[in-house]
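Below are two complexes that have subunit A in common, paired first with subunit B and then with subunit C.
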Partner chain A sequence: MRNMWIIARRELGSYFTSPIAYIVVAALIALTSNFFSLILFFSREATLSYLFSNLITIMLFVAPILTMRLLAEEQRSGTIELLLTSPINDWEVVWGKWLASFILWLFILLLTLIYPFILKVYGSPDWGPIWSGYLGLMLMGGALLALGVFTSSLTQNQIVAAVLGVVITLGLWIVGGGSQLLSGPLASFLNYLALSNHISDFSQGVIDIKHIIYLLSVIFGSLYIATRVVEMRRWR
Partner chain B sequence: MIEVEGLTKYYGDFAAVQDLSFNVGKGEILGFLGPNGAGKTTTMRILSGYMPPSEGAAKVAGYDVFKQSMQARRHIGYMPENVPLYKEMTVASYLDYMGSLRRVENRRQRIGEVMDKVNIVDRADDRIATLSKGYRQRVGLAQALLHNPDVIILDEPTIGLDPRQIIDVRQLIRSLQGEHTVILSSHILPEVSEVSTRIIIINHGRIVAVDTPQGLTVLLSGGERVILELRNAPPVDKVIVALKNLPGVNKVEAMDKAGKFDLRYEAEKDPRPLIARTIVQNDWDLLELHYASMSLEEIFLHLVVDEESKEENQEEAA
Partner chain C sequence: MNREKERWLTFLPSIGLILLALALIARWQSLGSDAVAYALAGLGVAVFLLYIVLNWHAVLAAFSGRQVRYGGNALVIVVAVLAILVMINFLANRHDKTFDLTANKQYTLSDETVKILENLKEPVKVLAFFLPNDSRQGDARQMLQRYAAHSKYFSYQIVDAEKDRAKVMQYKVTSPGVLVFVRGERRQETYGTDEQALTSTLLKVIRNKPKIVYFITGHGERNPDQYTDVGYSSIKTAMNNDFFKVKKLDLATITTTVPSDANVLVLAAPQKPLAKREVKILFDYLNKGGKLMILSDNGLDFSAMKPELKAWGVYPRADLVIDPRSSFFGDPTTPLISKYHYSTVTKDMEGIRTIFPGADSLEIVSPAPKGKTVTSLFETSSNSWGETNWKNAKSVHFDAGKDTKGPLSLAASVTAMTGKGRLVLFADSDFVSNGLLNRVQGTGNATLFMNALNWLAEDEQLISIPPKPPASHPIKPLTAGQRSLIYYVTVVFLPLLILIIGLYVWWERR
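On to the complex of A and B.
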């Protein structure tokens, strides 16, 4: 656990020594504040559910960018060799990397708290869907980042990792659409598999354990496979 | 300190290392010498715990590098080939990171000591990206020394350095002797022979020779050696006959037709005064007579080429 934190701390430091974190945070804040004011202007509703679904759609593309460097760059530069010969476990490396990106995501979510605050000042929002929506955002973001860490483990090339990440997150997002052409157990399986079917309940104020288990499985599953990929590279 | 038994590593069908066995005692500096692709890096990577062997086993400080990897790793300092570093970090923060991963106690103080030892204190707050190759090498060495490991593994520690930096690194490695056990690899002979107490020559993944640098020279050169250059000398054959009959001379060879000769002799009888006298008595002009023990470079080539001709019948290595 301690090693995981040491790795996450270094990785966070490196996010903020390169321009990437600043660009991503600034772009996300600019986009969300734009959406927030437009949605509010047209709907005149004290709700954030539209904003949340927009934010997650953006994250489908942004998460792989945040994670593309994490393992790919270590493998390209060879620094992974020193990490893997230090007295730490492979899973601690992978989880530490994910944790860094997750903390950055939590930081972004923290900044967006300004929107519910504005709603509170000028109206009387329903707090249930807002807080459950935030829980959904946290978990969904964590899942997307874990998928990104997984694609980053597959290659030495950051761009390949990012593109592969977008393909996978987008693929998992829209795969539920295939269920309309099918029927029976395959259709319900695709429905269950689709990321997009596990977020809307949260922003409606419903906290369903089914969705939480799904999203946690995506996180644990992706990071488990990423760890095995890193391990396999030792055997090459 | 290091025990290697029947170590073998396959990449697919290709055997990078085959049946390697050797021991390194405490305080020794072992040079691992071989041409590029001989299996040096593979061996280093197995010893450091980066990759498991296909067959055989290796123990470092009494721990199996694969089965008891975590314990073994605590006793190993490792500098991989080409010294991978996080370029965006400063020297001090990088060492702090590596030190915390290895649970170094009194980390600040220890980092100061190590930076002092490798002479990078003045660059402590510089980003690694701005450092020259020589400084990066020192950062890599500092990182390997941080946790005061029993065994230090250095893969090509002097590659790409200028002559001055090479001397610095050599001195540093020598200063580790006694307290630490060092194993270093190189494809350049002087690098290894200068600092090592023992040399292992490896080719095509197999050990070709193991000895001290001095031992290797004596073992393979067939005695001491002198190079002669004459002028106004009779035909080559006559000179050879005249010199060969001197007591203590083993072998005389003409190196070219202009009067250069390669002469081997027994060290105890040292016939050099006799050689000089013979030349003067015959009224030949002596331009040069210099001592030239067979260089390790030649021994190395000799061994490696021998090995290759032996393997000619066997299948070609990929």
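On to the complex of A and C.
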């Protein structure tokens, strides 16, 4: 567990010293802010529920960019060998790297707290949906980052990892649409599998245990497979 | 540990997986009872546990990952871990628990609805017919999900009204957006997706006897059995479709009180004033918790019941509404309404037009009489007025002092705080006549009438379910300066700050 923290701290350090992370975060915030002001000016409602879905849609593309380097780069430069032969468990490496990206995500969410603050100044928002929305964002972001860590484990090429990440997250996002062509258990299975069906309740103010379980499962499952993949590299 | 045993052990997770898959299939296909599915699932989990116990070292190794694995069961374990995740999700989905954090509990069903659902004894299925791009589909799905969570007898299906023509024909769907409640042979429809609409439709479909509406006769009232233009046979059909039984009642023939099976009385445009005794019977019924709908019209004399109506807070002025601004195809004597006050009667009318040819206007007694809640349902435009001298076509213009200036109320609902009596008064009776309903397409007149009737005939259980207006938390109007401030702080300043910090860190490290 301590090793996980060491890895996370190291990765976080490289996030905050590389200009790429600042550019990505600044672009993300600028885009989200743009949505925030437009939604606020047009709806004249002190709510963030529309914004949350926009933010998570942006995150579908940003998450794989934030995670693409994490494992792919270690494999390209060969430093993964050092990590794997050090007295650190494989899962500690994978979880530590995910944790670093997750802390960065929490940091981004911290910046977005300016929106509810503005709503508070100009109106009286219903706080329940805002906090539940943030819980949903945290978990959904964590899941997207975990999927990104998984795709980063598959390849040595960062770009491949990022593209693969976008393909997988987008695929999981829209797979529920397939349920319209089908009916019965398969349709409900696809509906349940789709990431997109596990966020709107949060942003509307409903905390549903099944969404939490689902998102935690995506995080755990992705990182578990990523661990196995990293480990498999050692056999070759 | 010998090799033979190990070989057998690797099969265990697969067996467990198959058992779990069978459990899911049994559950989904409703083969046998739930107990079968649970037994299979339990067995599957037990096999997994057995494997874990017997093969403790290998499992531990697979999870910690440092040790070299035993044989080739790494993939099996990956699959097993994923299967366990699927199982956990399946259970979470079945035993769902939600917490509603909205201030007015927007997404929580009321105790009354929950009670009705828990008392369901027969299957009720809801078919929601929607076009694929209908935004209400999501609301309907969420609501129906909430209902289904409370009873195993309640199920629902979202039907694509465009593709699934067979179902559209089978359930005689005339327009998409309808929810058809089915219990055995009984059908009941609603276009609403809120709790009031769904629960009242549910109550209707599980009811075995229709509610009874009495149309009062004997003064030249509108006749529900008459098929000519002035008749009410079309709206009678609508009432029958909504599980109401329409009967007639001559107040002069009853000696004491109205029949006890009456759910609603309708007094539809009496051409002659009611006798004193009739008025007394009518309002005794209303004051004792009865439900009454009165349809007035231009030129009718309601003076015989003026004190009684005033005591209920609303009275027809016996004028003629002239609305030059909002009228039907430029006929100023046919006001057109498209905006409604929020009430149970009008909540699903938003954006739907209603027209009222030759209406008089309603006087809403202000302040409302003690113990009564009076709600004006909708009004004419502010350019309209109530013409008192309407018999003389030449003098039709606004006379200050004589005519009432708009906006004029055309319908009102009154609730007695004690005694449960309810009254709806419409300022027009042509709006649901055969002539209008059959000839003029695309009005919401019949819907409005049925909404009012349903509100009057509402079950006691429903009365405590308040209509939940969509939660609204408007912000103060923003000045141009405030808008710029918000925009520049969030879109420009904040990202710029991040970039500057990044630049600084990068510079320092060089």
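The working rule: the second predicted complex is superposed on the first by the 236 of 236 C-alpha atoms of A that agree within 3 Å, B and C clash if a C-alpha of one lies under 4 Å from a C-alpha of the other, contacts with A are read in each partner's own complex, and residues count from 1 in each chain.
In this section, a residue touches a chain if its C-beta (ideal position, glycine included) is under 8 Å from a C-beta of that chain, and two chains touch if they have at least 3 such contacts.
Just so we're clear, the structure is a prediction, and the values are computed from it rather than from any experiment.
In the overlay built on the shared chain, the residue A:S132 is in contact with subunit C alone; subunit B does not reach it.
Legend: residue contacts after superposition of the two complexes on their common chain; A:T79 is shown touching subunit B, with no touch to subunit C.
By the touch criterion defined above, A:F41 lies against subunit C but remains apart from subunit B after alignment on the C-alpha atoms of chain A.
When the two complexes are overlaid on their common chain A, residue A:T17 makes contact with subunit B and with subunit C alike.
Once chain A of one complex is fitted onto chain A of the other, the partner contacts of A:K210 are limited to subunit C, with no touch recorded for subunit B. Once chain A of one complex is fitted onto chain A of the other, the partner contacts of A:Y115 are limited to subunit C, with no touch recorded for subunit B.
Counting the residues of subunit A that each partner touches, subunit B and subunit C differ, and the larger count belongs to C. For the contact definition in use here, the residues of subunit A common to its subunit B contact set and its subunit C contact set are 17. The part of subunit A that touches subunit C in the complex is made up of residues 16-17, 19, 21-23, 25-27, 29-30, 33-34, 36-37, 40-41, 44-47, 89-91, 111, 114-115, 118-119, 122-129, 131-132, 180, 184-185, 192, 200-201, 204-210, 213-214, 217, 220-221, 224-225, 227-228, 231-232.
The residues of subunit B lying in touch with subunit A in their complex are 11, 45, 48-52, 70, 73-74, 76, 78, 80, 82, 84-89, 93, 97-98, 100-103, 143.
Against subunit A, in their complex, subunit C makes its touches with residues 24-25, 28-29, 63-66, 74, 78, 81-82, 85, 88-89, 92-93, 96-103, 106-107, 132, 138, 160, 471-478, 482-483, 486-487, 489-492, 494-496, 498-499, 501-503, 505-506, 509.
Chain contact summary for the complex, subunit A toward subunit B: residues 3, 6-7, 10, 13-14, 17-18, 77-88, 234-236.
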